[in-house]
Amino acid sequence: MSDHHVYKKVEVVGSSKTSIEDAIEVALDECSKTLRNIEWFEVKETRGHVVDGKVGHYQVVLALGFRIENS
Amino acid sequence: MSDHHVYKKVEVVGSSKTSIEDAIEVALDECSKTLRNIEWFEVKETRGHVVDGKVGHYQVVLALGFRIENS
Amino acid sequence: MSDHHVYKKVEVVGSSKTSIEDAIEVALDECSKTLRNIEWFEVKETRGHVVDGKVGHYQVVLALGFRIENS
Amino acid sequence: MSDHHVYKKVEVVGSSKTSIEDAIEVALDECSKTLRNIEWFEVKETRGHVVDGKVGHYQVVLALGFRIENS
Amino acid sequence: MSDHHVYKKVEVVGSSKTSIEDAIEVALDECSKTLRNIEWFEVKETRGHVVDGKVGHYQVVLALGFRIENS
Amino acid sequence: MSDHHVYKKVEVVGSSKTSIEDAIEVALDECSKTLRNIEWFEVKETRGHVVDGKVGHYQVVLALGFRIENS
Amino acid sequence: MSDHHVYKKVEVVGSSKTSIEDAIEVALDECSKTLRNIEWFEVKETRGHVVDGKVGHYQVVLALGFRIENS
Amino acid sequence: MSDHHVYKKVEVVGSSKTSIEDAIEVALDECSKTLRNIEWFEVKETRGHVVDGKVGHYQVVLALGFRIENS
Amino acid sequence: MSDHHVYKKVEVVGSSKTSIEDAIEVALDECSKTLRNIEWFEVKETRGHVVDGKVGHYQVVLALGFRIENS
Amino acid sequence: MSDHHVYKKVEVVGSSKTSIEDAIEVALDECSKTLRNIEWFEVKETRGHVVDGKVGHYQVVLALGFRIENS
Amino acid sequence: MSDHHVYKKVEVVGSSKTSIEDAIEVALDECSKTLRNIEWFEVKETRGHVVDGKVGHYQVVLALGFRIENS
Amino acid sequence: MSDHHVYKKVEVVGSSKTSIEDAIEVALDECSKTLRNIEWFEVKETRGHVVDGKVGHYQVVLALGFRIENS
């Protein structure tokens, strides 16, 4: 029924050498290949690898919410 | 092996104009189309949209647990 | 001393086939058979069993606060 | 700027003798007298008073989100 | 009394199409129109809308702390 | 309606050179100048500044609950 | 067996007009009338009633741990 | 009523020199002397004493759930 | 791109009659039938069923992280 | 660089027979023997030992923040 | 002063191929080379690496508490 | 033993006038002067000072994990 939408949330981890925002975009990019209707994200954790005393990769754990089709 | 069951948990959001309980049933309804063996739910968050100073939709974030078949 | 009340909190789980509110009343009903002076409750968790893709039982975990007599 | 909305969240407690949903509506009702543009709510806590072993009042602690006007 | 400052905290949500930092500045910008003496912020949640598989808006939930005047 | 009270919660920070209790009283003192009907407080955080290896100020973050008038 | 002690934890609320420490002592005092072997306490919440803009009662929620006898 | 079971949860601490699992069994063992119908446990905390740089005792804080008889 | 890995996290529950470690292995065993590239796990909850005052099954709730292929 | 301060946080436990405030001062006293530049503390836990139904020691778990020199 | 002990807590991660308990002992072993007077540990997180669908290493994040000498 | 690495975690606060990422790099920079083998970081809190209604400094609380040498 059109006013009874159901959403699913999945947890993913994006990584990037440049910024937190880029790690989020990288995760969205990959996931939107297989998931349609992604509508929102929530940052769950921000962390990263350190290489030689500098940030190697930012790693951002995200929950992505998408509408289940035809719901 | 029958005494080594494995369960999976997925996070979904049901919505309803009428009540929290109805939002839970709406989510179960939609998910049981594709998931067999749902055995329990856990309410993670209760929230909603407001329209003209009244509840427009209740939105209930649920974890659903289901047995992996043949596990 | 009358202005030094002491309260105790116990954790119980009520269940109901019909609603979250009913599960709360069921728990209060049972506990008030043995505990006098229950003054408040706090909902700690809301969950339930699923049977054939529908809510079988709502299960509500409550903390109940009651005054210790003569305190 | 129209694509730079800013929202404010306030925490309120609604109460009702009948149900959790009614306590939410009571809080929205009261707050929409003074706040325009309430757009969502989040349930933070559900609790209540107990009178003679029965629920006297449900008390629901809510965060209400509303758009700051002209933001 | 000068050594008895009292602060108030309010919760706001800033949004931006470009970055998390910009969403924080947008919220500060709007709130400093009506609140004097904002002294600090705490990020409570970072989330956002997704449009066509890309970040539409970053939404940052902030607590802002400001000194109550003459306190 | 008299049995449908609505409460609002605000978050404040009181400070004191002498004790945690005094920081709470300082916050109540300041807030009761502008808020009527404060009915309860909840301590959210206890922290402080350190000066020369001693407590300079205790800082207590409180939520204050007050009844909205005529609710 | 002497090296297999088992402890039980109960949650209580002590109240006092004077201080947080006194509310803890009031709770211990009352509970040690019926529980032997109380060995530790953990403060779970600190809150209170407000009367005329001043602290009416401090209310301290405690977990008390006591050794089960002969365990 | 048979389909309105009510459960109670108690918090206990089991200890063991050998393993986390043994500390859980030790707690169940002791508690089942006085509680019938224990149906589940939840591990709340795992900690321990250290003696000469080695684990002296594992201490496992558990919530035990048991059905209230005749509920 | 090889330096832009994306990971997904799924939540599963493994159970075992013998130990917490075995419940983790049981869950990994089942999930590695359908998921390639599982790289880490995080224990979210440890709980279990009790039968006749002894542990019937340990139940360990795990988040499993696996690399999305070709990411 | 003077506008790029870096702070370190350490966790300590102070104890006192008299009050929570004294346990905080005891911890600061001891730590300021070896740490310079302590600037703030945050109370993480308040607990204590019980002796004969009375508080034996208050134990306050603190995070202390201090500036790293020359940062 | 003998009745004013001060403790410090440090966070470490032990790893082991065999069990959670062994990872705890490995961490204690290493840390007791440089820290005297370790008195307790608290498990903060349990996680691990997965290799070929099996646990490669358990990784246990611990807080260790030790008495500051002469405190 | 080479397959029994032990890691230590320390909590630090980096600050920067420009961005969250820069505050992280500033903290890593300072800490890598004295700590070798830093392998990862986890963002625990993001906050900042506000000056004239704009961000003065971002302050990022980080846990840094480093391998204990020869472990």
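By written order: A, B, C, D, E, F, G, H, I, J, K and L. Residues from 1 in each chain.
Rule of thumb we're sticking to: contacts are C-beta pairs under 8 Å (C-beta built on N, C-alpha and C of every residue); 3 or more make two chains touch, one makes a residue touch a chain.
Because the structure is a prediction, the values reported are computed rather than measured.
Path length between chain F and chain J in the touching-chain graph (shortest route): 1.
Common neighbours of chain I and chain L under the contact definition above: A, K. Its C-alpha atoms superposed on chain I, chain G is turned by 120 degrees; the angle is given in steps of 5. Two copies of one chain, chain B and chain D, touch each other, and the residues they use overlap weakly: the shared fraction of interface numbers falls below half.
Centre-to-centre, using mean CA coordinates, chain D is 21 Å away from chain E.
Chain C and chain F have Cα centroids separated by 30 Å. Residue positions of chain I touching 2 or more other chains, listed in rising order: 10, 20, 31.
Pairs of chains that satisfy the touch definition comprise A-B, A-E, A-I, A-L, B-C, B-D, B-I, C-D, C-G, C-H, D-E, D-F, E-F, E-L, F-G, F-J, G-H, G-J, H-I, H-K, I-K, J-K, J-L, K-L. Note for the complex: chain L touches chain A at residues 20-21, 24-25, 28-29, 31-32, 38-43, 64. By the touch rule above, chain F contacts chain J in their complex via residues 19-20, 45-50, 52-55, 58. The part of chain H that touches chain G in the complex is made up of residues 10-17, 26-27, 30-31, 57, 61. Within the complex formed with chain G, the chain C residues making contact are 3-10, 63, 65, 68, 71.
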